[in-house]
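Below is a structure I'd like to ask you about.
Read from first to last, the chains carry the letters A, B and C; within each, the first residue is number 1.
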Amino acid sequence: MAVITMREAISQAIWEEMERDEDVFIMGEEVGIWGGTYAVTRGFYDHFGGERVRDTPIAEGVIIGAANGAAMAGLRPIAELMTINFAFLAMDQIVNHSAKLRLMFGGQFKIPIVIRAVGGGGRQLGATHSQTPDAVFAHFPGLKVVSPGTPSDAKGLLKTAIRQDDPVMFIENATLYQVRGEVPDEEHLVPIGVSKVQREGHDATIVTYSKMLQKSFVAAERLSSEGIEVEIVDLRTLRPLDMGPVVQSFKKTNRAVIVEEGWKSYGVGAEIAARLYEEAFDYADAPIKRLAQKEVPLPYNHDLEQHAIPQVEDIIMAVKEVL
Amino acid sequence: MVNRTKSKRVAGELMDKDTMLDLYHEMVLVRRLEEAFETLYQEGKIGGFLHLYIGQEAVGSGVIGARQPQDRVITAYRDHGIAISCGIDPKSIVAELFGKEAGTSKGRGGSMHLGNTDLNFWGGHAIVGAHMPLATGMAMADKYRGSDAVTICLFGDGATNGGYFHEALNLSMVWDLPILWVCENNQYGMGTAVERASAVTEIRQKAEGYGMPNERVDGMDILKVYEATSKNLDLVRKNGPFFLELMTYRFRGHSIGDPERYREKEEIDMWRKDDPIGIFRKHLLSTNGLTDAVLDNIEAKAQSEIEEAIKFAEASADPSLDSLFDYVYVD
Amino acid sequence: MAELIIMPKLGFDMAEGTLLRWLISEGDQLAQGDVIAEIETDKATIEVESQFSGVVRKLVVEEGSSVPIGAPIAIVADAGESIDFETILAASASSSAEPADPAPEPRMMDHALSSSDGNGRLPGGVKASPVARRLAEEFNINLKSLEGSGQGGRIVKRDVEHSIAGQTDEASKVSLPVLPQLEGSETVEAPLTKLRGLIGRRMTSSKQEIPHFYLTSSFDAAAFMKMRSDLNARMPAEEKFSIHDFILKAAGLALRKFPNLNASLGDGKIIRHGAVNIGLAVAVEGGLLTVVIRDVDWKPLRIISTDARAAIQRARAGRVHQDDVEGSTFTVSNLGMYSIDSFVAIINPPEAAILAIGSVEDVAVVKDGEIVPGKRFKATLSADHRVTDGAEAAEWLQIFKGFIEDPLLLLL
C-alpha cells in the first residue's frame, strides 16, 4: 500500500473517476488552469481539457445551480466550492434544489452531484473563512454529507460519492491535506453511510470525524500512556448517519465524548448524544460529553483562534471527565 | 391539446392551418383548466398556492409551439399552461394539484412543480430565479454531449432583479450555451410593478450588459410569439444564448387571495381587450376562412376534456403513506 | 367498589414512611399481593404489596413524599367504575387524621412533579448512572447500599460490579484519573449515604434519650463450640451453624423465661411483648441493618439458623423484606469474628436491651484447682434503665449463661 497525502488521495479519486466515466467532470473556481486553490486538480486541465475541467466565474449560485442542471440532464458533475463558507452563497441551490428536486418531481430524474467544499479553521483566515458548518448540511434530508478523516477514506468515499446517484456534500478539511496515510493500490471504494472504529479501546468512546479524528488519535496515544484506552469511532458520513458502531462501542465503554470542530449548539455532538440516549440510555455510566468549537465567530488572532478550537489537551481532559 | 414534440417543425416555416387550430385548442384548454382550478381551489380541493396563467396563454403556446422535440423547457411556478403546451395530459395535471399518485410528480410537487421529463419539460420551479442556473447546467450538458438541443428557460420580469438571473445569463454567454432565455414580462413581480423594482423597464436591456442578442415582442399575439421564437431558436442553435422579452399580462391576481391593491381595474380591462385567445380567434376567423362554429366546437371539446380530467383526478388514489420516503434517495 | 391503598404501618414504631418509588402506574391491573411500591421507613426500604385486586385508578402521592401511616397513597377500583376521587380522599382524611399531631399533607402528584428541594427527582432516590441502575436491577442490588465513586458521588457501573463481585476495593480499576490530587494521603470528603445518615440519627437519639447501663460477663463457650463442631460435621456445607445461631437461641430462651427485657417503654407504661423476635445486627456495605429472627424462643435451632442465614443474605443484597427488619423486641450484635474482646452496644429503640457478643477465645481456665485449656467469650448487655435495672439485667444474664453453657438445653 502506498503512503500518500490526503490531497493526493482526493486528487487520485477524481482523476480515476474522470478517466473511468466521461459523464464525470469538475467545475468550480480555479479548478482548471490554476490547478485548484488547494492544488487538488493540478494537471487536470492539461490532461482532460477545459470542457471537463471547467473554470467558473466567482458565482457560487450558478456553480451549484448549473451542476444541478447538468445532473438533471444526466451528467455527473463534481462542483468545487473553494471553501465551504461560500456554500452559503449557494445555499438555495444546495438545500432547495440538490436535496429536493428529485422528490418534488416524483423521482423522474436523479441529481448525481458531488459538491466538494473545504472547511475548518485554525489558519488565521478570519471568521468568514474558517467555519465548520457540517451539521448545517447534515440537517437536510435529500443530501448526503461525507467528511473523511484519513487519506484512505477520502479516496474511497469520494470515488463512491461520484459513482452513486444522490447529491453529496463532500467536506474536506484544509488542515488535513498534508496528512499522510496508507491507501490501497487497487480499486478502492468505501461505502457512504458506514461509521468505522478507527482505534479499539475499552475505557471510553470518542465519536468524531475529519480533522478531529486526527487530533483524537494523538489524544488517544497520550491517554494510553496513562493507562486509559479509548475507542475511536469515525463517523465518516454525517448523513445518512450510521449509529451502529457508535452504539456498539458505547455499550462496551458506557462513556462517550463527541469531538467536533464545529460549534456545539445544535451540532453533530448534540445529534450523536441524543441518539445515544435514545438508543442506549441504559448503558450510560456518565453524562455524555460534547467537545466542540467555542461559541464565537473565529477571531484572526492566532492564540484566540486556537483557544476556540478543540485541541488535543481538551480531548484528553474531556475523556478524563467522563471516566 | 397538441403534442408539439411529435411534429418536427421546419425551421423558419410559418404556422400551417392545422397547427393554428391545435394551438387555439391548446390555449382554450389552458384557459378552461385555469378557470376550473380557481373554482376547485376555492372549494378547498387544492392545497398550497395557486398561480393562474390566464392572460399569458399566447406566450406558452407560442414559444413551446415553436420548439423541436429535443429542446428542453423549464419555467417558474406559474406552470400549468406551460405543462399543457409541453404536452402533459390535463388528467395528470389536475391529479397533481389534487395531490394524487397519478399526478405528474406523483403528488409530491403540487401546482408549482409540474414536470414530465419524457416530454422534455423540466419543471415548474418555485424559488424565483433558481431554475435559471438549472437551465444553464442542462444546456451545458447538451453541449457537452454534442446534442443540438436548446434549453428554453421561461421566467418572469421579477426574476430579472435577482442574482441568479445575472449569474446564469453571464455564464451562458461565457460558456456559449444553447439557451433561449424567455422573459414573460407581465408587468408585475407579485404586486410590485416593473418600474418599482427594476432599474430598466425594458428588461431586454439587461441582456445587452452581457453582450447577448435580444428582442422585445408582443406576447399577447401568438403568431408574433411563435414567429420570434421559431426564428431565435435557430439562432441559438447556431450562435448561443438569445434573450426574448415577451410583453404580456396576467388577468388574475398573483395567486388566489391576491387583493390586487397594486393595479386599477381599468388597467386590467384595457389588457383584457387584448385577450390572447380573442386576438387569435379574430385572426383565425378573418384570414383563414374558419367559422365560429368550428372554433366553438374546439372550445366545447376543451371544456369536456377538463371536466373529464377533473373526474379522473377525483377518482384516482392518494399516494400510500408507506411511500413517504420514496424519492428522497436513489441509493 | 373503590379501595384505598394506604401508607402501611410497617412496624410498631413507624409513624410515617417515604414513598420512594412507585412500581405501578395508573391504569395497571393489580392482583392482591402484587408489589406496588418501595417505601422507606426510618429503618429500611421495603417493598409493599397490595391488599386489593383491581385497577390502579389513581396514585395519590408522588415519589419522594413522606406520608403518615394510614394516609391514602393510591386508589384501586374496577376498570370502568366511576369514582369521585375528591370525596373518597376527603372522607379518608377526616377518618385518619391524628388528633394530637396533624399529619402533614401528602403532596399531590397533580400539584408538583418535582420534590420541594428544587433538585428534581432522582429515580429511586439515588444518583446512579443508567447502566448502574440496569445492572443493579439485574443482580438485585440495592443502589442505596452502594457508595458512588463517579462524579458528584454518582453510583457508576464499576461500583455495582464491585458489589456483584463482593469487592470492596475501589482502587482496582482506573480510579478518578481526572482528580489526581485526591490520591495518597489527602483528605477526602465522601458524601453521607442515606443509610449512614439514618444510623447516625437513630443512634444519637437512642444514646441521648435512653439511660443506658451496662453489665459484662464472661461465658464458657467450650460446650457449645464442641456441639457446633459436632453438628456441623453432620450438616451440608451451606447449612452449617454459626456462633450467632447459638447465641440467638440462648437469648431467646432467656427472654422467654425472664421477659422483663423483652419489652418497650410505651406512653407511661412498659410493654412486654408476647413474641420473642430477636434482631441480629448485620454489617452491610455502607452501614448496618438489623434483621429480625422471629419466635426465637420456640423455633428449633436449625430453623433459626436457616432464617438468619436467609435474612442476612437479603440484607447484604439490599433486598430485605418488610418482615426482615420490623418487629424486633431485643437485639444481638456479634463482633466475634473480628477478634473483639468485648464491646458496648447502643440500644436499638424502642427495645429495652441489646446484647453485644465478643470473640470466643482460647483461654487458660482454672477448673477444680487445675489450669486447663478452655474457650470463653464476653458479652455485654446494654439495658434501658427506664425499663429495668441492674439486678434484673444480671438475673437475665445468669439465665442466658445457663442456656449457653449447657447447650443441650438449646436443642430441647
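Here is the rule we go by: contacts are C-beta pairs under 8 Å (C-beta built on N, C-alpha and C of every residue); 3 or more make two chains touch, one makes a residue touch a chain.
What you see is a predicted model, and the numbers here were worked out from it, not measured in a lab.
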Hopping only between chains that touch, the fewest steps from chain B to chain C number 2
Reported most central chain by Cα centroids is A
In terms of CA centroids, furthest away from chain A sits chain C
Sorting chain pairs by contact number gives first A-B
Separation of the C-alpha centres, chain B versus chain C, in whole Å, is 86
The distance between the C-alpha centres of chain A and chain B, rounded to whole Å, is 41
Here the gap between chain A and chain C, centre to centre from mean Cα coordinates and rounded to Å, is 59
Within their complex, chain A touches chain B through residues 25, 51, 54, 56-57, 59, 61-62, 64-75, 77, 92-93, 96-97, 101-110, 112, 141-142, 144, 164-166, 192, 240
In the complex, chain C touches chain A at residues 129-134, 150-151, 154, 156-158, 174, 176-178
The chain B residues in contact with chain A across the complex are 72, 103-109, 113, 115-117, 122-123, 127, 130, 132-142, 144-145, 163-164, 167-168, 170-171, 174-175, 326-331
Contacts from chain A onto chain C in the complex sit at residues 203, 226-228, 254, 281-286, 317, 320-321, 323
